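The structure that follows is given in the form of structure tokens.
By written order: A, B, C and D. Residues from 1 in each chain.
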Amino acid sequence: MGGLQIPLEHVLLIASCLFSCGLAGLMLRRNLIFMLMSLEVMLNSAALAFVAAGARWGQPDGQIIFLFILSIAAAEVAVGLGLVLQIQRRFKTLDMDQANRLRG
Amino acid sequence: MMESLFYGASAVALLATVAALTRANAAHALIYLIVSLLAVAVLFFLMGAPFAAALEIVVYAGAIMVLFVFVIMMLNLGEAGNSREREWLAPRKWIVPGILAGILLLELVLAVRHAPDNTSGVEVPPKMVGLTLFGPYVLAVEIASLLLLTGLVGAYHIGRRFIVRRDFSRPGDNS
Amino acid sequence: MSELGTITFGLFIIVAAVGGAAVLTWFERRLLGVWQDRYGPNRLGPLGVFQVAADMLKLLTKDDWIPPFADRPVFVFAPTAIVVAMLLGFAVVPFSPDLYLLDINIGLLFFLGMTSLAVYAVLLGGLASNNKYALLGGLRSAAQMVSYEVFMGLSLMGVVMLTGSFSLRAIVEAQRDLWYCIPQFLGLFTFIIAGVAESHRLPFDLPEAEHELTAGFHTEYGGMKFAMFMLGEYLGLILISCMITTLFFGGWLGPWLPPVVWFCLKVFIIICFFILLRAGIPRPRYDQLMTLGWKIMLPLTLFNLLITGAIALWLEG
Amino acid sequence: MAVLWLIPFLPFLSATLMLLSAGRMPRYLSAWLGVGSIGLAAVCVALVARAYLADHQVQELTLWTWMSVDNFTPRIAFRVDGLTVVMMSVITGVGFLIHLYSVEFMWEDESICRYFAYMNLFVAAMLLLVMADNLLLLYLGWEGVGACSYLLVGFWYRDPDNGRAARKAFIVTRVGDTAMALGLFLLFTELGTLDIQPLMAAANDRWQIGDTLPILATALLLGGALGKSAQLPLHTWLPDAMAGPTPVSALIHAATMVTAGVYLIARLYELFLLAPPTLAVIAWIGLLTLLLAAFTALAQKDIKRILAYSTISQIGYMFLALGVGAFASSIFHLVTHAFFKALLFLAAGAVIHCLHHEHNIFRMGGLRTRLPVVFLSFLIGSAALAALPFSSGFFSKEGILLSAWTQPGIGPWLWAGGLLGALLTSIYSFRLVFIVFFGEAQTEPDRQPGWQMAIPLMVLCVLSLVGGWFVLPLSGVLPDPGHDPVSHWVEYISIGTPLLGLTVAYLLYLGRQVSIASLMASPAGAAVQSFWYGGARIDKLYDLLLVRPFTGLTHWWRNEPVDLLYNALVWMTRWGHGRLVVLQTGELRWYATSMVFGLLLLLAIVLRDSA
């Protein structure tokens, strides 16, 4: 099964929309879990753009960058969720506007 | 047929993402996010990147998002958390992020407007990805593995003291 | 195969898999009875085979009750997820050289993706029930699934290395001379254990351990939704057996008999083996489960991978 | 050649196994592994050597490409020619004997496993050094032996002094190694390769004799060689390195590692031939070092320090030979020196071992009858060291002196200096023999060396005696200057000098016909003696010249007016911090939003420019 021929512009447009959504979410949400989710959305949209670029040239490089984004996301989520647990334990809240001191 | 599948999946991805980021309930938001990721996986597959699609499902939806659910379950904030979230999502608070994200979208649209190319329609099989990954990109693989190791150690260290082990040998002390 | 044929065949697979899973509930109880020196269901029909129909009738006519404290949409969504994911998993199984739904070159990864999505049923079911036991069951399940998924995927990479493809048909074809259960015996061993854990059957049924958690993640479920969880579990069992057959026991390959028959025969034997496993092995403690997964099975799969890679390179020259 | 890669791999494998066992390996197993792996490597070397001697065919083996960056593609590749065969034979042959000896010497040590692991690792690194076909791999081996030397000098790390000696050895050689690394950089940037054979060809191609670049490159490489081979002015680490176990001193600090500098220069001789000034410097450094070390050896009391200074002095001879272009003679002396110096060290180790770890020669004496095997070994070793006629050292040293003599211009001076050195060598070596083995017994040995010690001593005795008749397969690999026949009196003098030294030593230390006690007691004599006892005060000199000014400078610099500048910087930073701190609210969303602002701005600029 071959790939699909669609205008690259459209894919990039979708990726842009997803990215903007993620960014809006990041600015809007106060809960750390949701902020992390917004970050995931943004990373994912970047991955989409890379894969689209890879598909444009029929080269594996786009997918490889996707793999790296995947590993970054995995590492980021692992540490981020660890932080979520710690913050919940220390501040008894996940509201990032309240958890604004450096020393907990 | 395939084109319509593509645009359908794109619409699902967008709508699910928007829904995910506007939910008050974290579990619901996550389900939407997973749907969005699956839709993106479909996009990958249609663009001729089956390996990326499979990994998107296995790793992103199947492992990373499970971690989220896991943490949500561990915290288990319940209805109180949801109502507070709802309060934080009041329409007034949407203005600034909405405007900024809108401007960004506008700029991005302007930037990608002049891309007349089509995607190649060639499928890039996993073998080729693997060969390139461990060929010219091998150094980056090393760095990524280092990053993952760092993430592992960091997550272990940060998360370690979440569960305070009670010392049952000293009954008087309940700190 | 024509478009219509594909659709018919797909429907047939769905019906066959669901029917198989239903019969399996009876079969398992009978077989357990034999092994444990007791009767099992034997009242309805010859050998009690109509017990299946009776059970179905009971579950279907039960009041479809949703607890008021539950998270309604998620509560309803969860049991469907596992059935859908498992049924989708059947799409890539090659039953015979020309009897399959999909032959994509990432078939194996597709299967892994579907099993990893099946986790959500348990997780969300446990979360939506809003019940202590269910939550604990869900948490256990999440940790167990994530841990065992890691080496489940890795245990199959030896097979992929030897074949050089993720396509299940190619993998079967590559076993013409030698079934992979011989060179990949370590992979087979680890995959069986991971498979049992992924379908959370005994001995790895800690998410629903009755003695500690009443019924774990499906404590609050009853009627049709409970039936769907059970259906999902049996579908998972059949799917894992199909995969083991395909990946390690030469799929449809075999002399004299038609390929489909060979395939079904092998799957049947492996299902019996799984039931025997259930009959014979006690449930481990939770920490033992985790230790087994991370400290024994994961290194074992990595070792297998290393050796396989070395041998593959050696053979290549 | 299939066995080629086994030669460094076997010791490396056994070292890895022992290191991985984390010291839990039973001692007999460590001993078997440690000695066995070197033994097998020696067998492999013998096979390779036989093949080479049969047809003089250079053997090459490329294992894999190490890394590939642009046109820099060093390979893990071995190249074995006559010089390498000689070096490999010395390393594995002498190494095997020393390992065997170590079994008994180290048997009672609790960390014998660690010992053999380091020793095997050293042998592997040294083999890599001599077998490498490119300079980067050679450098890997070079640093590898340095690291092993550090580990082994500080082997008994519980004593802080040993740790200090190890650090000194490491740091001082590092000074030279830095120069060498710079030399490698220079060679690569100028010639575009580090593979030895193409490098030489390119150098011959592009550079004329006496150009600046080859002089600079060789001078930098010489720096590395000086550090590793303990030549002036970087020789100060070697006497202190005697803190390690005695077999270590025998293997690393006498027979093999310290000669790596000589090997390096011989290996790259075509490059050095392009730089006559460097060669002259090498000759003079060799001469100075050999004289200085010989004088110092004369004044020492510690048996191992005497041998250490004698090693420095003998390597000085090798450098002298290199400097006058007699590369083959230099390697010849390297080989014979490896035999007799290993013998001497091992014999000294046996003395120390049997005398409750006594190092001071004035507390020994009369051991001739009590430790006959050791006495015989020591006697033969000293005879070879002093170059008494028909010992192995005689032939090699003779060759060096004659080559020096025929050097146009400065030749007689070098020759005379070398001769003086030979005289001194003879005196101090027999001083050692007479004091330790003759006279009154001071300490009673509490045991006799066992067979693991005796066999290596015997074998090395034979080698020290007959080593001079070996014909090394160096023709075609190194240039043979084939000096003109010299008048006989030159030869007679160089034969007679060691005998004269022996006589002097006999008169001074055994017969006591001439007393120097009064001379030594006089203020001038005492001053001279203490001057030489302290190694010509070079450590003090370095302390005065380098360390003190540096610490003084740092002290002085601490309260300098320059600091005002930094203080101003600090003050400005503080002020800015006070103003900007309001931005740091700790609110994550605020940060994110401000980042978005920046992003929007940048994107807008990019868009405007592209539009």
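Methods note: a contact is a pair of C-beta atoms (placed from the backbone, for glycine too) under 8 Å apart; a residue touches a chain by one contact, two chains touch by 3 or more.
Model, not experiment: these values are computed from the prediction.
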Comparison of B-C and A-D (more C-beta pairs in contact): B-C
Distance between chain centroids, defined by C-alpha means - chain A, chain D (Å): 57
What's the distance between the Cα centroids of chain A and chain C, rounded to whole Å? 32
Measuring from the mean C-alpha position of chain B to the mean C-alpha position of chain C, what distance in angstrom results? 27
Chain centre separation in whole Å, for chain D relative to chain B (CA means): 59
Expected list for chain B, residues touching two or more other chains, is 51, 55, 63, 67, 70, 72, 74, 96-97, 100, 104, 108
Give the residues of chain A that touch two or more other chains, as numbers and ranges in rising order. 1, 23, 26-27, 29-30
By the touch rule stated above, which residues of chain C touch at least two different other chains? 104
Which chain pairs here would you call touching? A-B, A-D, B-C, B-D
How about chain D: which of its residues touch chain B in the complex? 593, 596-597, 599-600, 603-604, 606-607, 610
Chain A residues touching chain B in their complex are 1-14, 16-31, 33-34, 36-38, 40-41, 44, 47-48, 51-52, 54-64, 66-68, 70-79, 81-86, 88-89, 94
Chain A partner contacts - residues on chain B that touch it in the complex: 2-3, 6-7, 10, 13-14, 17-18, 20-21, 26, 29-30, 33, 36-37, 40, 43-44, 46-49, 51-52, 55-56, 59-60, 63-64, 67-68, 70-72, 74-75, 77, 85, 88-89, 93-94, 96-98, 100-102, 104-105, 108-109, 112-113, 115-124, 128-129, 131-133, 137, 140, 144-145, 147-148, 150-152, 154-159, 161-162
Show me the residue ranges of chain A that touch chain D in the complex, using the header's touch definition. 23, 26-27, 29-30, 32, 35, 96-97, 99-102
Along chain B, where are the residues that touch chain C in the complex? 25, 27-28, 31, 34, 50-51, 53-55, 57-58, 61-63, 66-67, 69-70, 72-74, 76, 78, 125-127
